[in-house]
Structures are given as C-alpha cells and as structure tokens.
Amino acid sequence: MRTDLCGIELEHPVINASGTWDAIAALRTFGDEVLTRFPFAAFVSKTITLEPRQGNPPPRLWETPAGLINSIGLPNKGLAGYLEHDLPVLARLPVPLIVNVMGFTREEVATLVAAVAERDEVAGLELNVSCPNVESGLIMGADPSETAALVERVRPLTSKPLVVKLTPNATDPPAVARAAQDAGADAVSLINTLRGMALHPGTGEPWLGAGTGGVSGPAIRAIALAQVAQVSQSVSIPVIGMGGVESGADAHALMAAGAAAVAVGTASFRDPRAGARIRVELEELARKERVSAGA
Amino acid sequence: MRTDLCGIELEHPVINASGTWDAIAALRTFGDEVLTRFPFAAFVSKTITLEPRQGNPPPRLWETPAGLINSIGLPNKGLAGYLEHDLPVLARLPVPLIVNVMGFTREEVATLVAAVAERDEVAGLELNVSCPNVESGLIMGADPSETAALVERVRPLTSKPLVVKLTPNATDPPAVARAAQDAGADAVSLINTLRGMALHPGTGEPWLGAGTGGVSGPAIRAIALAQVAQVSQSVSIPVIGMGGVESGADAHALMAAGAAAVAVGTASFRDPRAGARIRVELEELARKERVSAGA
Amino acid sequence: MNRTVAPFDRRLSTVTGAEAIGAYRLLRCSDEGPEPRPGQFYMLAAAERWGGGQDERPYLPRAFSYLRRSGGELEFLLEDVGPGTRRLSELRPGDGLWLLGPLGSGFAAPRDGREPLLVGGGIGIVPLLPLHTSLSPPAEVLLGFRDAGHAAAAALFDGATVCTDDGSEGQHGLVTELLDEHLDDHVEVYACGPPAMLEAVRLMTGERDVPAQLALESGMACGFGACFGCVVPTREGYVRVCVDGPVLEARDLEAVPAH
Amino acid sequence: MNRTVAPFDRRLSTVTGAEAIGAYRLLRCSDEGPEPRPGQFYMLAAAERWGGGQDERPYLPRAFSYLRRSGGELEFLLEDVGPGTRRLSELRPGDGLWLLGPLGSGFAAPRDGREPLLVGGGIGIVPLLPLHTSLSPPAEVLLGFRDAGHAAAAALFDGATVCTDDGSEGQHGLVTELLDEHLDDHVEVYACGPPAMLEAVRLMTGERDVPAQLALESGMACGFGACFGCVVPTREGYVRVCVDGPVLEARDLEAVPAH
C-alpha cells in the first residue's frame, strides 16, 4: 500500500502520532533492530519549541476507561538542541522524517519552520496548533482565522510539505481545516487529544501536575472518526487520521472515512511495534476488499 | 445530602440525565416499585419538541470501548402529546419534575417554555441547546451570543428555574455558560454527548442510521470532569455535572470540581437503579470526608 | 398480559451450570425472581470483568431470551458472536452473573382457536422452547439450522421437524420452505430467528393472511425502555423492541430490520 | 552497562506458576528473552481480558521488576493494589501473558570496593533479590514490611535482617531505623521501597555522603521512553524513570516524588 502523502513517499499508510514514540529512547532500549524493523512508514518527532522545555510537573499520566490522560507539557531540547543532538540520530531511521513544531507566537513558528525545513534530513513539517496543555495551542488551532494567519506566515518559508495538526477541542474543526488548506497547507492531521481531567482519589485535588491534560486512546476513537469524516468531506488536501487506532480495522475505518494515512499514538504504549501489526492487519483488510470487489 | 438546586428541593444530589430513563416505560416493566423506590432525586424528562418526532432510523446504537454512541434523534410525542399523555403519569413520581425542551427556532423554544412552565406539575425546565443529532442544537449551544439571545427570549416567560444544557462540542463552553448566566439562566448542566461515529465492520458505511451520533459513558468521563471544572470556575449559578458517572466516586469528583448536583445517564442502561447506588456511595464518601475533616 | 413485571433491581445471580449443546452454550443460574412468560428476556452481564474483550468491549449488558425456568433456576442458550456472548460463554459454575428481568412482552395465546405453529431458526429457537412446553396439546415445531452442529439443540424440543442449510441433519433446506408446506388457514405462527427468516415469515403469513407473532432481536442498550435505541418500524411508527416487544405482530411491522 | 537490550517485540509468554507468598503473589512465566540485569523491569499485561476491571481498567501494561530468572523462566512478585495487579494476580498456569523487556537501567557495581548494603521496603524488595544473588560475598540485607503477612517474602533472601511496622515479625520498627544502625562510610546503599522510605534513604545517605542507588517507581504508560510520562526531578531536570532509571543515583535526585 504505497502512499503518497502530499509528496512524501510512504511504503504504507501507517505512521506514528507525534509525541508517542521516541526513536532515540527506543534505540537505547531495543538496539539497532529499531532501524531494521522500524514499525512506521514515516517518523513524526515529538513537538519541538524554540526554547528548551522541561515539561509539566509529575504526575503526568492518568489511566481512564479505555484511555489515558497525559499532561506531558511538551518537554524538548528546543530548536538548537534538537538540530544538534536529535536530528543526526533521527537521520539514521529508514523512513522519512516529519518534524512537529509549535510556537507561542507566529514569529516563533516562522523561526522554527525556517530552521527545520532547510535541513535535508527533514521530509516535512507538522504544525502543532492544537496542544491542549499549552495555552496558545488551543487558541491558534480552534479559530479559522488564527490558523489561516499562521499558515500564511510560514507557507512562503518552505516548499516542503506542511501538515497542520488540528485540535478536537473546537466548535468547527472543518472550518479550521478549510482555513489551513486555503492558506496553503499541504495536509491536515487530526485529532489531537481532548481536554480532560482526573482528581486524586484520596484528596480530591487534580491528579495531574498541570491540573488538566489530554485524553487519548480507544475512548476517543469514535470522536476521532466523526471529526476525520467531517474534515475529509470539507477539504481536498490529504487528511492524516488518528485517535484511538489499535487495529487494522480502526485504521481501515479512518481511511474509509477519508484519511489518506493513519497515525498510531497511545496503542504504541501497549506494544512498541503496534504500528507494524496495524499495518499488516490493514493491508490484509484492503486485500480482502479488493478480492470481494472482484479486482 | 439535601440539595437546593436553584430553588428545586432535592433529597440528594443525584438525578437522571435527560433521555436516559423513561419513567413511563419503567412503570410498565417494573411496576409501582418505580414510584416507591425511585432512584433519582428529580426526574428530568427526555427532550420534547413542539411537533411529534419519530426520531432517527435504526440502528441507533453502537457500543464503543467503555462507552456508547447513540443517534436516537429525539423521538417524542410533541408538546401537546407530552402534556396530555405523559405529564399526568410523571406527576405521580415522588420527586420534582424537570422538563427538557428543544426548539428549532427561538420562538419554538418560547412556545415550549411558556406551555410547560405554566403546569403545576413542573418544577423546572432544562433547555437542550446541545443535542448533536439535530442541526440547530449544535449551533445554539456552541455560540455564546446565540445562547444569550435564546435565554433572554425565554427568561421573561417563567419564574421557574431554567437550566441550560451545554454542548461539549464547542471551543469555549465556559463562555457559553457565562452567556447563559448573564441572560438569566438559573443553572447550567453539562456535558451532553460528544459527536461520534462508527462504521459498519463489513461494509465500511456509517453504522448509525443517522450517520453520526453522540458518545456517552465512562469513555467521556475525563472530558466531562474537565469541562465541569472549567465551567464551575466561570459561573456562580449551580452546575449540574454529568458524563460517564458510574460510581459515587465519579459523582464525588464532579462535585469536588464544582457541580452542585450530578446526573446519571448511560450507567442506568447497565442498571436501572444505578442512580440509587451512586447516591449511597456518594453519601458514604461525603460522610468519610466529614469524619476525616474532624467535623 | 404476556408480561411478568420484573423486580426493580439488577440482581446478582450465581452460575450453577454451563455446558455445550452442539455449537451453542447452555448457561444455568440461580434465580429468585418471578416466573417469566414465554418470549420474555433478561439483560445479562458477567459480574467480573465485563469489558476488556475484543475492542475493549463489552460495556453494556446483553439481551437473552430465557430457555427454561424451573426450581429456582433459569437457563439461557448462547451463540458466541462477539465479545459479550464470548465472555458469557466462558462463565463457570460459581461465577457471578448480573440479571435484570423478566423484560418485555412475550407471546400471546393463539386467537380464535387457531393451532399454534412454531418456527425457529438458529439461536432463535430459544424463546420457542418455553412456549412449546406451555402448550397442550403439543404444537407443531419447525426448526432450521445451519448444520448438524447447530441442529443438536433441536433435541431440546420433543418431536420437532428439523432442517439444515447444508442437509447434514434432518431435511435439506430452509425452515421457511418447511413453513410453506405447513402453512394453512387454521394456524397461528410463532416465529423467531434471523432477520431474513423473520422477514420471509412476515411476507408469507401476510400474503396468506395468517396471524404471526414474531420474537424480534434488536441492538439494545438498556432493555427497559430507557434509551429508545432498539426500535423497529411498524405501521404506527417506531416501537421499542424491549418494552413493546420483543414479540410483535407480523402484520403491524413495516419490515424486519436487518440489524 | 547495567542494561540488557530488549527484544524489539512484545512477546506472548505462558504462565507456568502462580502461588501466594504471604500477602504477595508469585507469578512465573516462560521466557526466551535475554538475561536481564538486576534492577531491570518488564511491562506485563494479561493476554486475555486486560480491562473490564474496577473502573473499566486496566488499559495500559504495568511495570514489574523481575524477581528471579532461571531456566527459561522469569518470576515476578506482585502486590495487589489496583485493577492491573489484581488481574495479574488471577492468572493461572497456562494463561497468556504479554511481556516487554528487560527494560531500563539496573544497579551498578559498588564503587571503590565499597560493601553493598541492600535496603528494601515492602514490595520494593523485588529488584534486590537478583542483585543479592549476584553478589559474592553475600551483602547485608535489611528488609522492612508492614506486618508478618508481608514479611513472609523475606524468606526469599538468605540471612536478611527483617523488621515490621507492627512488630509481628522480626524487629519492631522502620527499615530506615535499621539502616541508621548499619550506615557507615564503607557501604554503598541499594534501596527500593515506597517513596517515603526512599526519600528518607536519600536524605540519610546524602547527609553521611554515602553513595546510594535507588530503584524508583513511577506511573508509567509505555516503559520504553515513548510517552515522557514517568519523569522524576533530578538536579539536571526531569528524567524518565523507564529509560534513565529505574535505578538512579540518590545524589542526582531532587526528591523522590510521592507518586
């Protein structure tokens, strides 16, 4: 199932969701098999910001029925640290690299996009305008005109594919997707996590160090599918669907709803090679479909 | 735990969520024990509209991980049918009656509010501005000024408590809640279901007769808690919290987050008396809390 | 009335027996509840680990017609088709089982002295068994199954005529073909089975103007009229299978929905 | 390196033994994986019905230090504290178990010829056992438990000094009191236990300038560095317990977080 994702050649349509797979830590844990048996068709790196960030105070995780709330808070080495330390390692991966960036102002995003896009190792960029853990993420991605202004600002800086990652915590994701498309985005990806919260069972205080976090996993799958279907009907650029994908059937459903590619997030926490399994299951479903269509 | 919900006296803070408990069908199924052992402190009836509605074509249900998608589509007898057939039966219930109404225009809502509020059997009204199955529901409740205009229109029609039920499919539920409060609402309730979708495993076509539906149950609990906490911090009128409540601990968490009362929806489908169990568990938690606070 | 009013409580029962009957599974449990009427059903859920199966389900309880009731015990017959029926099929004596019911409205007596003719397909034979044992003199019973493995359950009925899709047991063919042979103006049909079979029964009996009571299935969330999820189309609009059915008059139905 | 690289696959293992050890549960399973280093851990999940427990959980796998490893078998010791450990405690021989690991970085050899001093509290004794058996001559071992029921697990160690909070077994008191008696300038401390105990060990060893390696716990989602959820504060910022630990130098830590 070779897939052309707005110019990025993928061997199959299953990639990782940003922030849910750290290839460098995986190399330490699993060794070089990570390179020879990489489970995704592209690697999307965790969101980077201009300055280094420590992320949110722990606890950062809370398990919900069929899901997870995280308040990681985008820890990262910052642009310079990423380019110097991480990029050379990630360049060893056998798949295209998509770098996810987030800025607190349009100019910050512009700086990030310009600096990242000029590196040959980078196949494409994803703009995180949707992280519910950081104030500005919510604002940019929930509003069509904010999104348009951002994409217009950074679009001239690179000819590499620009993916805009939408937030589900919005009244009208299709409107935001259209705004991104009209401003020159090459693809949109969705859904990011839904704003969620849990209380400490004993004290009644917020459990997460940051107070609230984002919900992911099977619990949000039906919501993701609805938004992916709606957005796919509203734009002509490719859609990367994600949210609770655990099986080839889930990936297949997102693609039936219009997604060109599918990202696996939380499912990787249960199995680092969930992406590879999902790819096999997906291709088997597609094969069966071709057979039953008499092709 | 006697509770004063904007003037409605409740024996305890656990009520039902609109559309998830049919007292009349329960009387047929379980007999008069429904009256003597009613599981809720108030009865909120299913949304009624001006005209009778058949609701959406089946299938109307899809089970998700730890949740449910429904596309019921607000079947009801219409205002006249409700007042003539249902209200006299519901008047037999041993608890205050809150009638949930929805209209496709402000004037329709006004007609509904005026006609329902004048009935002595009715203790309060809930305005459904949030049903994701019916176009206008989304629009009214997702936009602060739409909500304000609606509440301003109907507020003068009655002095009975008016509850506005918010939709979670919105960028800024607290802003909508504030708008409702400023326009004279006596309380807000949240969350309604989140827009969701499922595909037929065989055909890849939408499973639900209506295409999409609303997600409820434990899967949405963390999202509900976050929104209830946020809204509670934004308004001074009482908040009725709901979304995935299955236990006294869940109810307790919503109240710790600021809810004055808690509604049980999908959990009743597993156990018609879930509300009564949750009430007992909640009161036990509150008692323990008082003890450990040394009171 | 074809309805026994249910205790207003989900009750915890104990599994007292579990065995295979051909391709199906028989589940027996203790029950102090009232005597159900043939055609009524219960909502069941395992007390432990209801969930965590395929795709993290089941979450909601599942509907099952009762098969037999005697001596403080209830029996169900299950076909494993998904995570809920799988979990219930794994229950062993001593395990806990949540029980709500009896629910819905069962079969009515035949009108005008008509002879009852019972027609069952697959797992749809279940509600016909208590009806069968309640009738005297015994009624004619026609049962259709996929194959011999499933047809093993026909032994629960005395003197049933059996057919299978593949001819591996009894006659070769569909139960609706048997019905066609037996249908005359003196009978009242009582049928339960897959949607396509019931739709055929509805059309056949409609054409011949023979009354038919169909025990329907439908995806349910609650089983007691709370969710409005289980509707089927009738000439008077949608009705809830769980409170207005599961037994409905064929002539009232617009169609037997495919799911 | 105190790290064995893990196979890049979650693997399905079979439970070969399950028994109570006092208040804890011993779980034995087959494993073809490489030899782990003392202090490393595995992510475990039951192959069937992982989920559907209390509050519809567990959903994610759970982290467990290995207790023993020999002859193609791995052993774990579990304390039932919630839905995940409960489900694992119910596993029986023949059941399937998902296994990922060995993960993280284990204990390092003592520096400068120091004598290892092992200090364990409650279920925190687990990673100390493989360390203990790897040391020769045998190290001093101090173990603290709530009560005699839990202290039964001390029998896994040869010649450990035991204390209990309630005095029902061994000495009456906290293991940190034992440590206080044994702490001198020639030892290197290896500790694992509840956060409050580890925090006390960190402070005590810090004051006396004795090196200490602490095996930490932390809420984890993935166990292989993917989620950034399991961090603890160190003097260099947050580090991930699953890849930079679970064994961390006490002197690097800002604090041992309460959860």
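A, B, C and D are the chain letters, set down in written order, and residue numbers restart from 1 in every chain.
One rule holds for everything that comes next: a contact is a pair of C-beta atoms (placed from the backbone, for glycine too) under 8 Å apart; a residue touches a chain by one contact, two chains touch by 3 or more.
Since the model is a prediction, treat every value here as computed from it, not as a measurement.
S.K.: Tell me, which chains sit next to both subunit C and subunit D?
M.R.: Chains in contact with subunit C as well as subunit D: A, B.
S.K.: Report the chain whose CA-based centre is farthest from the CA-based centre of subunit D.
M.R.: Most distant chain from subunit D: C.
S.K.: Just curious, how far off is subunit B from subunit A if you go by their C-alpha centres, in Å?
M.R.: Inter-chain centre distance comes to 34 Å.
S.K.: So the centre of each chain is just the mean of its C-alpha atoms; given that, what is the distance between subunit B and subunit D in Å?
M.R.: That pair's centroid distance is 47 Å.
S.K.: In subunit C, which residues are in touch with two or more of the other chains?
M.R.: 51, 55-56, 59
S.K.: Which parts of subunit B, given as residue numbers and ranges, touch two or more other chains?
M.R.: 64-67, 217-218
S.K.: Quick one: label the inter-chain contact graph as line, ring, star, complete or other.
M.R.: If you draw each chain as a dot and join those that touch, every dot ends up joined to every other.
S.K.: Spell out the residues on subunit A that touch subunit C in their complex, using ranges where they run on.
M.R.: Residues in contact with subunit C: 66, 218, 246-247.
S.K.: Given the complex with subunit A, which residues does subunit C contribute to the contact?
M.R.: 55-56
S.K.: Write out the stretch or stretches of subunit B touching subunit A in their complex.
M.R.: 62, 64-67, 69, 142-143, 169-172, 194-199, 201, 204, 212, 215, 217-223, 225-227, 229, 244, 249, 252-253, 256-257
S.K.: Considering the complex alone, what residue numbers of subunit C touch subunit B?
M.R.: 3, 5-10, 45, 51, 55-61, 98, 100, 103, 218-222, 224-233, 237-238, 240, 243, 257, 259
S.K.: Going by the contact rule at the top, pick out the subunit D residues touching subunit C in the complex.
M.R.: That would be residues 49-53, 56, 59, 87 of subunit D.
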